[in-house]
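My structure is below; once you've seen it, I'll send some questions.
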Amino acid sequence: MEALVASAIGMMTAAGVYLMLRQRTFPVIVGLTLLTYAVNVFLFTSGRLATNMPAIYGEGAPGYSDPLPQALVLTAIVISFGMTAVIVMMALGAFLESGHDKVDMNDDDAPVDGGQK
Amino acid sequence: MILNYALDFAFLCFGLGLAMNLYRVFRAPGVTDRILALDTMVINVLTLIVLYGMRTKSGVNFEAALLFAMTGFVSTVAYCKFVLRGDIIE
Amino acid sequence: MSLALIAALPFLGALLPGLMIRAGKNACALVTGSVTALALLMLGLNAPAVLRGEVVQTRIEWIPSLGLNANFFLDGLGLLFAGLILGIGLLIILYARFYLAKSDPMGQFYTYLMLFQGAMVGIVLSDNILLLLVFWELTSLSSFLLIGYWKHLPEGRQGARMALTVTGGGGLAMIAGMLILGNIVGSYDLSVILENKEAIQSSDWYLPALILILLGAFTKSAQFPFHFWLPHAMAAPTPVSAYLHSATMVKAGLFLMARMWPVLSGTPEWFYIVATTGLITMVMAAKIALFKDDLKALLAFSTVSHLGLITMLLGFGTPAAATVAVFHIINHATFKAALFMSAGIVDHEAHTRDLKRLGGLRTLMPITFTIVTIASLSMAGIPPLNGFLSKELMLESASQTAWMANPWLLGVLATIGALFSVAYSFRFIAHAFLGPVREDYPSKPHDPGFGLWAAPALLAGLVILIGLMPMLTASWLVNAAASAVTGEVVAVKITHWHGLYAPALWMSLAAIGGGLLLMGLHPRLMALWNATPRPDAKRIFDGMVEPFAALAGRIANTLHDGALTRYIAIGTLAIAAVSYYAFDTGSHAVGTRDLMPVHPVPALGWLALVLATVAIVIYHRQRLLTLVLVGIVGLMVSVSFAYFSAPDLALTQISVEVATIILMLLALNFLPKATPMESSPVRRTWDGAIAVIAGVGIAALAYALMTRDQAFNPISEYHITNSKPGGGGTNIVNVILVDFRGYDTFGEIIVLGIAALVIFALTEALLRAGPANDRLLAWRPDQRRAGDRHPMMLVVATRVMLPIALMVGVFIFLRGHNEPGGGFIAGLIVAIALIMQYMASGFAWTAARQKVDYHALIAMGVLIAAATGIGAWFNGLPFLTSAFGYVTIWPLEEFELATALLFDIGVFLTVLGAVMLALASLSRIGLRAGETVNVQPFDIDPSEGRTLNSGEVR
Amino acid sequence: MNLMVEYILAALLVFGGIFGIVGSFGLLKLPQMLQRLHAPTKATTLGVGSALIASMAYFWFYEDRVSWHELMITLFLFLTAPITANFIAKAQLHRAINKEDLPPTGVGTQWATYDPEVQAVSPILLDDRDPG
Amino acid sequence: MLRRLFPHPLLSMLLFATWILLVNQIKVGSIVMALILATLIPMLTAPYWPNRPPLKKVPAFAAYVLLVMWDIVLANIQVARIVLFMRNENIRSGWLAIPIDLKTPEAITILAGTITMTPGTVTSDMSSCGRVLLIHALHAPDPDAVIHDIKTRYEARLKRIFE
Amino acid sequence: MMYHWISVPVLLPAILGAAMVLLMRNDLLLQRVFALVSTLGLLAVSIALLVAASNEGPEVYQLGDWPAPFGIVLVLDRLSAMMVTLTAVLAVAVLLYTIGSGWDTRGRHFHALFQFQLMGICGAFLTGDAFNLFVFFEVLLIASYGLMIHSGGRDRLRAGVQYVAFNLVGSSLFLFALASIYSITGTLNIADLAVKAAELPQGDAALFRVAAVMLMMVFAIKGALVPLQFWLPGTYSNAPGPVAALFAVMTKIGAYSVIRFGVIVLPTTHPVTGTLIADLMLPAALLTLIIGALGILGATTLSRLAAFAAVASMGTAFIAISAFTPASTAAALYYMVHSTLAGAALFLIADLVTYRRAHDGLHQSLPPIAQAGLISALFMVSAIATAGMPPLSGFIGKLLVLDALRDSAALVWSVILVTSLIIIVGFARAGSTLFWKAHASAPEGDGATHPAQALSFVAVGTLLAGLVALTVFAGPVIAWIEVTAASLFDPAAYIAANQLPEVK
């Protein structure tokens, strides 16, 4: 199972990185989302894998999986949700301001050096 | 114990169902098919969760299953509304 | 203390002109002059002791740990230089008062001048080489301001930059040299360093230190090949030139060589570097000076030449030569300052300083003519003026020194230098003042008022005085200074006549004769000179600096051109490479943990996840489809959390998932629905390779970590043990969230709250007048839109489902402490329920019926969470210390009252408020884009058999 | 008794499994999109319902605790399935089906999905106020 | 007063039951909590459900629910047969337009939902006057029979219950 | 003694930020007053903490009353107190400038975001927990996203997207690193990490090294270390002036974290990581300095020049840090304080210019601006400071760095000194174009008239006064910092303050 989980993390990372290297904001954001999934699962696995051992008293399970990474992942999920919301909105704003959704600023009408404030 | 075999059978059925949904997601003439496949997938997955709960004699994931049903519905409607109108909250 | 005060006075004085300028130019000049005079007076008070051979010291601790202290000392050399700086400074102040035009901001000028003066005084009084460096670089800075004083002149700006570049750069080299010196000796105090000649010259670091320090000295003193900046600095107002380029700044380099002479000189390295450089500079600059038509340029190159002369003398490394150098420093200061000021007077009166346009001024400006004649003859080395005295001694020294075992080379070359010197000095007099009076001066010249010629006249007087009575007027100073330089008692004997057999006599005569000859040949030589292509210093400098600046700009700006994709590619590769290196160089033991068996259904889930991920990459150009596929990935991640015993995570992941997708759908409405294919196959291959590297790396890391046991018992064992007894909850994950690590959660909800605020603020900005707003107003849907915005079935179903969902939310919230759930998930569930309502009947219709202030929700949430945490203070416990108890209130069952629950309410409110505020903001963008608001919950009313909400579009 | 319960449970599971797979299979097999819509809407829902009931009963009889959550889920699915189907059908109508291929409403009006009138909205524009 | 307190009594009952289902226990505490929530939440959501459906016969409604549940089972068997055993080219799918007499949105929604969940039909759209439903039938060799079936079996009952 | 006060630098801005959103969302005056009062309060508290930290050893604040390493702790030591105080000083100046220049009127929620930003920064400095550091990184980042795009505009938004995207990669890397660390050591508390990491079994070495470099690279992103510096110029030059000024301390958070972890958890004597970090960091830092210097020389706008100056200053700081000796760390800390103030001043001055010229291009000569004399003087001072010319603290800082790195003098000194020259030339070119060339193109007094903006000038003056103070009192300041650095290299007190249980 460990190999499957690790390869899934790797897949999501690779796909995320590939999409982040695209030239439009939308795939970049999707890429970031995928990377976030990968990170969350990776963080989760730092408590090692366990089935049927939820970290809850009185479930009658033989033991408890490590609850700490779970709490950390929860925090990470929430934070990345906020971040995703912000970048989605910023990408929309950039699109509305410029009329296109290119990510790179070097190959279009925008002056490289900031220009008009 | 026959119940175990039945459970295995159910696992098999819903698992195969999941696989079929997956195939449909990839091979679909249009996005509506994919939305439908995803919707069905959610249902199959939540069933698998419940079956897994039976196998492990634990109900700890049932809220998750309930939430899957809820969110699956909301997201299906959202995708459809997007296809229909573009603006999903207008 | 008094020495520090002498150094500080000019700086304090720098503040005054700006304040006094309102009181008029005279007051301004007077104040500035008084300060300088006061400093000079204080210096004078110290002079007797110094002349007695004592060293006056002042020590103030500044940065003891660095060895940088405000230590000053005054010996003969310092006295000489400080006297020159302050004395000539005083004259310059007087001169400048009358020189500057009405439109020139005089306060600024004096401020810069005083800054410069302070820096110079600081250099010559420093007993700490780091302190000396401070002042050294300050002279570069203040001279930058002075040279660029006439902002409107491009040459001024250019000259200032050039001077700063060269001298500042030299200064930086000197920093390194000084640090090395300090490291060799173990102290940065000059008085200590000067006593460690052995240690320094035997060190491996001697040569680097020497070169670096000399770089500083040579650049400052405009020695070959760094001489080019000085003529361009002539764009400065003449008082500046007179001050900086005769008496002070350029002499700083000489001062430094003299100062370090006891420890650095005497080695072959010193000799060949310093003497050779000086010699080349002397000859070359003298030759150039001859062909300059601009009076100030002529004087500038002459200065370079004389600096070369002095450098050469110092380079000889003998006490005698060093003494001559000291003497010539004095002489050069007097005649050169006088000449510069005179040139300024000519310029001031005739409005030109071009020798081709001058001539015949002798009768028009007799006073100036007299001064110039005296000073020029001294410069030419004509007896009995002071220039003659030192030049003769110089020739003598040169004739006695062998270069590369060649006994006569130095003598010949020195004579040639002197010869040119004679020629240009005469040319100055002849071409400016002699000859017929012309009719075409740009302005009718006549002698200026006393104020302007007083200072040069005084200097000319000194030229004569020293020339006639060197032993009376100068020898004491030369002795004191030379003793300080050489470290042995010097008692100089200066005479006009050294006897017929002194080679210097013949060399001198040859120089004068040759000079006159050259003078006669000048027109022809000038033609030849003009016909010879020469490298133009400015062009060469520009040719080096401008392309370098352009190259620098190209490198930096090309690297940072806003290509995020490249940034990420480079970053990813760097991270991967460094991580791989770190792994490869460490020892790794393969994990021995028991692996978990693979069951078919989880394997199927894995397959779904991987295939969906692959599909995203393949289909990523179809954006809606991408989001559907992201939904699958999210679903699979969420269900794997459920499978691997993390129900809380499953709940959170799936609800965040939906909220994210809805946000992205809302944004996608306005964005293009497809991504164009833009990258080349090569680029895609590259990107793919980078992605694979990252993916494989992370997968390998994950696998390696997962299959190994933790080296130590994880801290979570404590959480597992203490969750119920210490935290009062049976859901350990939740207790960690709201209690053990409640502080994380506090930060996390603030992140979410901020996200909503950012989205709100951004929306406001987009909806202001501007391109975004224009685009929204002109926006038309880019996809065909179906009728029936609010289908009835969904609206009706929502009427039942919304309450149920809210109930689920409450349930999930209340049980969170003990079972999967909690404030965060509950907040999301309620938010999703509301989203359902919004999708059914539209945002505006829904929001209008429930006036909830989302800002307030967020803020209340944060405040409740904070207040809960702070409550613990009143029990003397730290922030976020929880309390819980079990309470029975009839008719309710026994239930738990925990502060953590209150904290969780804060979480709940913030999450709800944040999600809703974000959605509200996006909906406002929709409204601006022409969405309208329905008055009925759905569009079709079957009871009346008609379309509700109908009417005009927009 | 126990055996009886076990057989009933097993039957429920098998029944549920069959319908579950029929739903997904239909999604694969049927040639038209709207035909495919039928399969999961009904079969899967029922299949899931059976499985959920089986689970509920299982916990009731074997684990000695009542788990009503399955009932909640079932209820929820039955409530939402028609809405989902309706939306997917509407989306398919909008995307891929000409209104000429549909029967007339018979009352003179159009089908809502195709009717621009239904898009038409109230002239009352809320001012663009701060909703938060 | 009571109307303000319980704008939708049936909803409140449903919510009450929901809470009990959620907490998995019938104790005094949970009942009190269920009462509180079943009162509060409908009050909170009342603005979104402005009208009050004229649900007249609750027992009839219950009977209707049972009927539909039975039909769902039948419908599934029927669909399963078509999916599993019928060759695709033999499937006679088609569109039906069913005029309806119901006026209440809630009733129409229930009817539409019922149609979707029962034999071979899916409610796909509605006419813009709200008087005709567009139904897709998976296999309807005899469309009129289907329409008749729907009108008598479901619509008539709903009409009795709601109007 | 100061116990509860340790939490105040985080709680005060957090509560005020929330209160602003709740109560004074639509009243700018009230926001300004409260923001100022609260920031001054933060300054007062931080100074009190600084005094306490100077007089006593490290003090640990156990949040939730849970002992370390199980709960999260705040650690007040000299370093964290210093950084918090620096933040507060900077915040006061930036706030004054914002109010004076009216930047806070050009968009919503400036003050709330500003307070949250302060909360994040202070939280990052004070925390003694690695994962909590991540959380506060995110707090300060997301607030910075909002501040960066404050008032919107095309280029700012597009640069903002890049900023966010790149930092999200950084955040992901942070989590990868933290997960690896927890996976290996089972702990998150920094002191506990220090103890446990030193006793790792051989088999964990390679993985721990990977985790360590990943963590350090996260900090390198924040600290704009080559090749992870790309995000900085575009971000800083497109951010509103006062925001860019506030960001001057953000890069220092990266440097701070490198010091905190590099010295305490991963010292060069560490059996597993050894000099790995140091070896990798030095070349990167040298390159950073070079890139920054080239950028300054080739800058096309004043704000980009300021941005590259920030890169260069980080290069210098990291050069010092990379030696990982008490002396070099002290040099780095002094230089960080200096460059925070100097960099901020430069951004504010750039904003003063930009505001008056409506453009801050360095290639166009435009009419002279109002108050050119004063502004050019301020520019000169900040340029001197930034370029490391005497007599200001930049020079002292550079001398300290040079002195501390005498062991690798040939390379390091050459790079630092040559880049210094490049920087000087760059500043001279920029200044003479901006302030001198303008006079060539139009007679003085033709510039548009602008309100005096006294507060803005007070703000810049405050920062420059800080630099002067840093120079004049360099002796005592450096002495204090040397003690701080020494205490970092003897982490026993830091670890003891955490009162860790025995390692099992």
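As written, the chains take the letters A, B, C, D, E and F, and residue 1 is the first residue of each chain.
Please note the rule applied: contacts are C-beta pairs under 8 Å (C-beta built on N, C-alpha and C of every residue); 3 or more make two chains touch, one makes a residue touch a chain.
For clarity, every value in this text was computed on a predicted model and none was experimentally measured.
A.B. asks: Along the shortest chain of touching chains, how many steps lie between chain B and chain F?
C.D. replies: 2
A.B. asks: Can you list every chain that touches chain D and also touches chain F?
C.D. replies: Touching chain D as well as chain F, we find C.
A.B. asks: Among all other chains, pick the one whose mean CA position is farthest from the mean CA position of chain C.
C.D. replies: E
A.B. asks: Taking each chain's centre as the average of its Cα atoms, which is closest to the average over all protein Cα atoms shown?
C.D. replies: F
A.B. asks: Averaging only over C-alpha atoms, locate the centres of chain E and chain F and give their separation in whole Å.
C.D. replies: Averaging C-alpha atoms per chain gives centres 62 Å apart.
A.B. asks: For chain C and chain E, what's the span in angstrom between their mean Cα positions?
C.D. replies: Comparing mean C-alpha positions, chain E is 73 Å from chain C.
A.B. asks: Using the average of all C-alpha atoms in each chain as its centre, how far is it in Å between chain A and chain B?
C.D. replies: Roughly 23 Å separates the two chain centres.
A.B. asks: On a C-alpha centroid basis, what's the spacing between chain A and chain E, in Å?
C.D. replies: 40
A.B. asks: Two or more other chains in contact with one residue: find those residues in chain C.
C.D. replies: 557, 562, 564, 566, 568, 572, 627, 643, 647, 668, 698, 705-706, 710, 714-716, 719, 740-741, 744, 748, 751, 754-755, 758, 760, 762, 765-766, 770-772, 785-789, 791, 793-794, 797, 800, 804, 808, 819-820, 843, 855, 921-923, 940, 947
A.B. asks: For chain A, write out the residues touching at least two other chains, lowest number first.
C.D. replies: 20, 25, 28-29, 38, 40, 42, 45-47, 51-52, 54, 56, 61, 68-69, 72, 75, 79, 82-83, 86, 90-91, 93, 97-98, 103, 105, 110, 112-113
A.B. asks: Hunt down the residues of chain E that sit against at least two other chains at once, touch-wise.
C.D. replies: 18, 22, 112-113, 123, 125-126, 128-129, 131
A.B. asks: If we use the touch criterion from the header, which chain pairs count as touching?
C.D. replies: A-B, A-C, A-F, B-C, B-D, C-D, C-E, C-F, D-E
A.B. asks: Sort out for me which residues of chain C touch chain E in the complex.
C.D. replies: 787-788, 791-793, 795-800, 802-804, 806-808, 810-811, 837, 841, 846, 849-850, 891-893, 895, 937-938, 940-943, 945-947
A.B. asks: Could you list, by residue number, the parts of chain C that touch chain A in their complex?
C.D. replies: 557, 561-566, 568-569, 572, 593, 595-598, 602-603, 606, 609-610, 613-614, 616-617, 620-621, 623, 626-627, 630, 633-634, 637, 640-641, 643-649, 652-653, 656, 659-660, 663-664, 667-668, 670-672, 675-676, 678-679, 687-688, 690-692, 694-700, 702-703, 705-707, 710, 714-716, 719-720, 723-724, 730-733, 736-737, 740-741, 744-745, 748-749, 751-752, 754-756, 758-759, 762-763, 765-766, 770-772, 775-776, 818-820, 824, 911, 914, 918, 921-922, 925
A.B. asks: Report the residues of chain A in contact with chain C in the complex, numbered from low to high.
C.D. replies: Chain A residues touching chain C: 1-30, 33-34, 37-38, 40-42, 44-58, 61, 64-75, 77-79, 81-86, 88-93, 95-99, 101, 103-107, 110, 112-113.
A.B. asks: Touching residues of chain B toward chain A in the complex: what are they?
C.D. replies: 56-58, 60
A.B. asks: In the complex formed with chain F, which residues of chain A make contact?
C.D. replies: Going through chain A, the ones touching chain F are 20, 25, 28-29, 32, 35-36, 38-40, 42-43, 45-47, 68-69, 72, 75-76, 79-80, 82-83, 86-87, 90-91, 93-94, 97-98, 103, 105, 110-117.
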